[in-house]
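After this come two complexes, each holding chain A, first together with chain B and then together with chain C.
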Partner chain A sequence: MSEGMVVSEGRITVEDVVCKTGIDELDVQLDGGIPVGNTVLMVGSSGSGKTTICMQFLANGARQGERGVFFTITEPLFKLTKNMQGFDFYDKKLIESGMINLIDLRIISERLGLDAEKYTVEDASALLEVLKDIADELNVKRLVIDSITALCYRLQTKEMIRDFIFKLGSSLAAMNCTTFLTSEVPPNEVKYSQYDIEEFIADGIIFLGDVDRSGDLIRTLQLIKMRGTAHSRIKSAMSISSKNGIELTPLLKSRA
Partner chain B sequence: MTNTLIDGLKERVSNAITINQSVGVILPGNNYSDLIQALFEHIHSRSEDVWVYVTITRPYESIFKQFGDLSSGGNIKFIDCISRAAGLPKIDPNCIFIESPAHLEKIIMEILNIFRNIGDNVQKYLIIDSLSSLLIYNDAQLVTEFFTHLTNRTRLSDIHSVSIAIEEEMSDNINKIIYLRSDKIIKLRESFI
Partner chain C sequence: MSNDEFISTGIDKLDRLLEGGILRGFTTLIFGSPGSSIEILSKQLSITGSVLYFTTEETKDEVVKTMSRFGWNPENIDFVDIASKYSQTILTREEKRVSIYEQRSKLKIKELIELGSSGMAPLVREEEDFLAILSNKIRLSSFEKIIINSLDFFLSRYSQEEVLRTLHAAKINNIEKKSVLFIIMTRGIHGDIFERRMEGIADCILELEVIQKGSTFERFLAVKKMRNYAKKIGIARYVIDSDGFVLEMIERIM
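The block that comes next holds the complex of A and B.
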């Protein structure tokens, strides 16, 4: 039996072992959902929909009674909430009730007296401890860090980045919550991370890209890896709409 | 004369679509307007059914101008695939405007989204106007794949479909696939007039 399974009166339910994203087509591709406790790298260039998927993941979880936390280091909170207000999945009450917690890591850095632009190894470890404490205290089941790229950007050397990422991996593994780490990559490159190391702590990789069709860009989503589930690897066309949030359908392939 | 033609068309389409799940209509460009009029008259007479009309041939606004507010019956929704791409931005609660007719997957998503909210006891109909117009914006193999994918999904969801193809715009691929995937083909000849 894998870690995270709960046996209740001899019965194991699907919800005990998988974390449904609530995006129907994605859950089908994941063979039910993300195995509970997995750390998933959400990779894409700017504007590819990483933050929207993460917020929808948290909102859908909150509606099922799973508390979530969104740590941002790229956008101020007011901007984040403003961008999400246009989506039907967004409900202010989920934030007011504490089912979704939005936390600006830059504010925490300030409170810890850290240099907001440059972190030492000790600074990064302190930040990680705070992050872990918040997650434990809130008893969150879903966690998002947006973005790991921006977080690592504040570290000075490759060695520091590598150490931090491995520490982050160990901390996340101990938390038993399902985590999305967003990873920014340049457009039109099949690359999963900026520092070529983030993918090694990830149990899963979801790649968001674009396909050029007659000059129009079609958004795509592809599951590259997901430990613990027999997932699909097909490339899907992805749509982002205010009414339905993220929607997927198999991408049509032109052989021309 | 014209009324006889339209009544005849209406009867043929009506009979075919009632019996068959997937109907292909191949016609010369000259008869296009007559067919559209026949289809809208049929839709108007079937207020208990739900229709989704995907237009790639004419902007929704132009259909609206010619046939009036077809949505007053509450049983038809439009998906306009060309207006936004042509720089004719419109907002209409009865029409979904797709960014580009090259975004075929989005067309499929919007069709299925509309029908998803319709009860099982209601007859559901889809009109694609037209498959051949999609060839202006997409390569033939892609349109073939789109049509195959769409008909698979509509069959599974008990949606009847009418797919129009204008002879002058047809390619061999579309000709083959429309014959292959349709339960019934209505081929209109000018001699029919």
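The block that comes next holds the complex of A and C.
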């Protein structure tokens, strides 16, 4: 072992190996945080809080000096910022200073000539290259694609989806960039992805759902899978408030 | 040519086989197969009456050229040239693809980030909504005959459900306007269930069949369904000569 390596090894801190989401209870459940470089699928139906968690993840990172990028496919930029303005974790300065970059992937795609309904293999690899180049150029440590479902829709076969997510995940991991991919599923369905592929490629799955408690719907969050951690698998109640953003509390078991 | 109740097909002997022509308000489904000269039939159907003609495989110019070869006058026909529109879309798209391919390597990642972080995504429509054109033209039509040649084009681009919905609307329109609607499609490529459903929509079904007998081909035009006129069901052998379809040996099934 060379001396150089010993020195660098000596500098390794918790922050180098895990990426803290900044949502305290979630980090506890994750046994510290998400292993750096993991690709995590954030699964939920519409309105389940996927986008908010991802934004909070980026904002928390930015405050610790980790640059992030949010690729939106489903929502235009102005809507995204408008929805975030209500949250205390959101700060316009994070965007102005370039710590969080919001990028409309449709504009990029259009520029690349990828405005067709279906991507060819070449289209997909061109897009992949650009995503990597952007992540590299901005030197981001946290990346979000909202949603991967919308992207997979354009990839014509399961092999293309598999290839795309796998290559994206591995190149981002090489940059020590931790990735959230949001996955849209129909409500009340225990399914982690639309195309049944995404969940196998991802290193982690966070499932956002609902439970019915005497007629009231309670938001829930559950860690289904996270490679490289001894994580909890309990289902927690999740609340979204403008002051604290995402908060998790134990889901009280009760007889309905 | 046509009395109040019927509209002539434009082919005398076919009118005779159908005992007067096609009843106003009827939707006629014509099944063709490769080599059955369905393209000639669809043109010949449009030589009488005022006609709205959707052409998806051949451009208007090609249709007119073929018609003039048979000495048929296309003046009474209003063409909806989907074939030309479609090929233009293809060409534009390919041109764009090539130019973007050339540019891709020159794209600066910083510029891309800049672009992607500001502004709105363009609303891109890959191509014209041909089914909407079809639907709208039929809705506004005041023609005696409407010919869709062929449905195959729409079925290759839209779901069967979408196409059926449009056809149901077209059928209702056709009844209200007391016109006749001809829909041409190829047998055997859209699935049995879809064919059955189309047969359900149609008031009249014609089918062109080519049967190989030894070293020759025999061609038959069959009337397979005629709503409320069961006795009109029959079959005729046909040949194509310089005047187009010539029906011979009419046989009644019932």
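Everything that follows uses one rule, which is that the second predicted complex is superposed on the first by the 227 of 256 C-alpha atoms of A that agree within 3 Å, B and C clash if a C-alpha of one lies under 4 Å from a C-alpha of the other, contacts with A are read in each partner's own complex, and residues count from 1 in each chain.
Operating definition for what follows: a residue touches a chain if its C-beta (ideal position, glycine included) is under 8 Å from a C-beta of that chain, and two chains touch if they have at least 3 such contacts.
No experiment lies behind these values; they were computed from the predicted model shown.
Residue contacts after overlaying the shared chain place A:Ala126 against chain C, while chain B stays out of touching range.
Of the two partner chains placed by the overlay, neither chain B nor chain C lies in contact with A:Pro187. After overlaying the two complexes on the shared chain, residue contacts for A:Gly47 are found with neither chain B nor chain C.
Looking at the shared chain after the overlay, A:Glu117 reaches chain C, while chain B stays out of its contact range. A simple residue count on chain A separates chain B from chain C, and the partner touching more is C.
After overlaying the two complexes on the shared chain, residue contacts for A:Gly86 are found with neither chain B nor chain C. Contacts of A:Ile107 after superposition on the shared chain: chain C is touched, whereas chain B is not.
The intersection of chain A residues touching chain B with those touching chain C, taken from the two complexes, is empty. Contacts from chain A toward chain B in the complex involve residues 213-214, 216, 218, 237, 239, 244, 247, 249-256. Against chain C, in their complex, chain A makes its touches with residues 76-78, 101-108, 110-113, 115-117, 126, 130, 133-134, 137-138. Against chain A, in their complex, chain C makes its touches with residues 93, 96-97, 100-101, 104, 107, 109-110, 112-113, 115-122, 124, 126. Interface of chain B with chain A (complex): residues 99-100, 102-106, 108-109, 113, 137-139, 141-142, 145-146, 149.
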